[in-house]
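My questions will all concern the structure given below.
Labels A, B and C are assigned to the chains in the order they are written; within every chain, residues are numbered from 1.
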Amino acid sequence: MSDLEFKPDEAEIERRVEALLFAAAGPLSAAEIARRLPEGADVGGAIAALRQRYQGRGVELECVADRWRFRTAPDLSFLMTEEREEPRRLSKAALETLAIIAYHQPCTRAEIESVRGVSLSRGTLDLLLEMGFVRLRGRRRTPGRPVTYATSDKFLEHFGLASVHDLPGVQDMRAAGLLDLSMPPGFEVPDPGRGPEEDEDLLSDLDHDSPEFAQDFVGEE
Amino acid sequence: MSDLEFKPDEAEIERRVEALLFAAAGPLSAAEIARRLPEGADVGGAIAALRQRYQGRGVELECVADRWRFRTAPDLSFLMTEEREEPRRLSKAALETLAIIAYHQPCTRAEIESVRGVSLSRGTLDLLLEMGFVRLRGRRRTPGRPVTYATSDKFLEHFGLASVHDLPGVQDMRAAGLLDLSMPPGFEVPDPGRGPEEDEDLLSDLDHDSPEFAQDFVGEE
Amino acid sequence: MTDMFQPNLDFAAADQAEAEEAFVVDLEGYEGPLHVLLALARTQKVDLLKLSITRLAEQYLAFIHEARRRNFALAADYLVMASWLAYLKSRLLLPRAEKGKAEEPPAELMAAALAFRLQKLEAMRKAVEAITGRPQLKRDVFTRGDPEATVIVPSDRIDASLYDLMAAYVTQRRKEQARHYNPTQRIEAFPLEAARDWLREIMPRLDDWTPLAEVAPQGDEAGGPSTASYVASTLSASLELVKEGGMDVKQTAAFDPLYLRRRDVGQPMELTP
């Protein structure tokens, strides 16, 4: 349109970002917004200004999975009786599994089982996969090359998290060493489901190869 | 909630109206809004205040047939139509065909059909080729010399795989809860990483004159 | 116990009450031994790392005892954990006379590791509370209910995950399997009645231990029941006869051949013609 003659100022950029975010069917990344604005537009500044403007309003701007979206203020949830969808109730086992994946990702099925001390029953992991909260992420470079699991963008969007670094308490837990998947040496809790030696091998293998579990070849897209 | 003790002031009513209008699936009348607010709330006043607040913003409050809704400022409508990119949603048939090609590659159209049990509609393979997930790979040295299909680098990239060897195997399918006892004991998933088959001529070998042959068909990624 | 985040962990209180009555044995409420141990550990009201493992072991053993008294069928892992804890407790209590077996880690280390594991599980349970306590989409917070007619769709996503791909593949193969399955093609079996008659017929010749495979009728080349079916039905029939007191069966080890023999003591009822 008249973009070429008209150099939009900050306020105009802010208006446009506001319009785009309101109209979007899902969260938009800064890059996606920028693509629809004149070159050189300060998208970050506009988002910050909008965030400020909507602070404390009935509708707020929020960052989920590195994207931006407007949503109603959490304290007004009681108003939304008509819009509310009864979420699929996740079992305690499924929630624990989801939390373990979220805080330890990427992690393998065996690692999930070792934290919970029970083998993962059928239906737990596939429910999470089917709901789209969890995704297959890659393979651990250890014997057997087990598949690793991670949370998806949908998980972050559902729980309103900007990234996995914003999981509640994650910093404290990491500082306390609680997110370390390797058990202290020589620890063999009996586990009739799996051979203990096998388990131990796996954990020590992990220790040696890759102290940070960064060995997943699959980068973020 | 704390509605009963807490008498919301004008600003709070405005917030609530804002949230209700934002989340509603369609335009709301003043009466519909009032029904969800404490008795005696000044809905008309709140709407007027909101209208004022959004005046000149990227989004405005609009009245249609005595109902209220947010809509993009008319002068920004050009933003909404420009550069609209549909997400590529794979149809069920396309996803299934892609899965078979991924696991059984290289395979011919007839082989895909024999696994699927239905004939492949023309559009399905074309779509996969056009999206760049599938490529023409070679020709089978059998009567008719049928073309063989395989997955492309773009496929690996999209699904976050380092190579086709890393496609989830039987163990992973079982771990994800996809296989159950109803699967026959001999169920196997082929390892798609095999090199060129004996009875196959690769397109690149065949077409010395036009090395771009495959790309011509597949289209730009 | 350290509350590392989300101070309002009301579930802790609820679980506390539950744990105090830990001997209200309800295995359904626990997912596994580790979950029971965690519930028990909470009653000690100390930092999980300063937990008294010996007390925990006692509590757990009492729990198992109670569960068994109530005739709960206890899963193997509960019992294995019980014996492991009893062993750990004994090692913790006994004075360390000489060096234990070289390959075994010191008991204190094993105890600390268990405490760490409980702490980790506890942290994950708190994490569940913290995550599910967050405003959830379509439950607490809502996005635009009526986006514009011309929608801006986030474009750099394609709706297909690896899981979708896998699921699509398995669905295909399953369908293919169903197509090839032909229910009209019945497998012919050697009837049990026939097997009984057969056994009665050859019984007089079974003075010595005879392998099952030799006792069973030999399959016919042209159609008829398979060898496996002959063997299986003969085994079933012979077990019936064992129950009736007409026969003995022995096997020296798992997967070894089974041997059958006529029983001499006690009259084999109407079996003898």
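Assume contacts are C-beta pairs under 8 Å (C-beta built on N, C-alpha and C of every residue); 3 or more make two chains touch, one makes a residue touch a chain.
Everything quoted here is computed from the prediction, not taken from an experiment.
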Farthest chain relative to subunit B (centres taken as mean CA coordinates) = C
From the Cα centroids, identify the chain that ends up most central relative to all protein Cα atoms.
-> A
Cα centroid separation, subunit B vs subunit C, in Å, comes to 39
If you average the CA atoms of subunit A and of subunit C, how many Å lie between those two points?
-> 32
Can you check how far apart subunit A and subunit B are, centre to centre, with Cα atoms defining each centre and the answer in Å?
-> 19
For subunit C, which residues are shared contacts with two or more other chains?
-> 142-145, 148, 150-155, 161-163, 166
Residue ranges of subunit B touching at least 2 other chains are 19, 22-25, 70, 72, 79-80, 158, 160-161, 168, 172, 176, 178
Quick one: which bits of subunit C touch subunit A in the complex? Just the residue numbers, please.
-> 2, 4-6, 31-35, 76-77, 80-81, 83-84, 104-105, 109-110, 112-114, 116-117, 119-121, 123-128, 130-145, 147-148, 150-156, 161-163, 166
In the complex of these two chains, what residues of subunit C are touching subunit B?
-> 142-146, 148, 150-155, 157-177, 179
Interface with subunit C, subunit A side, in the complex: residues 20, 22-29, 32, 36, 62, 67, 69-74, 77, 80, 83-85, 87, 92-93, 95-96, 98-100, 102-103, 115-118, 129-130, 132, 135-136, 152, 157-161, 167-169, 172-173, 176, 178, 183-193
Taking the complex as given, what residues does subunit A use to touch subunit B?
-> 1, 14-20, 22-23, 35-36, 56-59, 70, 72-73, 76, 78-83, 109, 122-127, 129, 136-139, 145, 147, 217-219, 221
Touching residues on subunit B, where the partner in the complex is subunit A = 1, 3, 14-20, 22-25, 36, 56-59, 70, 72-73, 76, 78-80, 82-83, 157-158, 160-162, 166, 168, 172, 175-178, 180
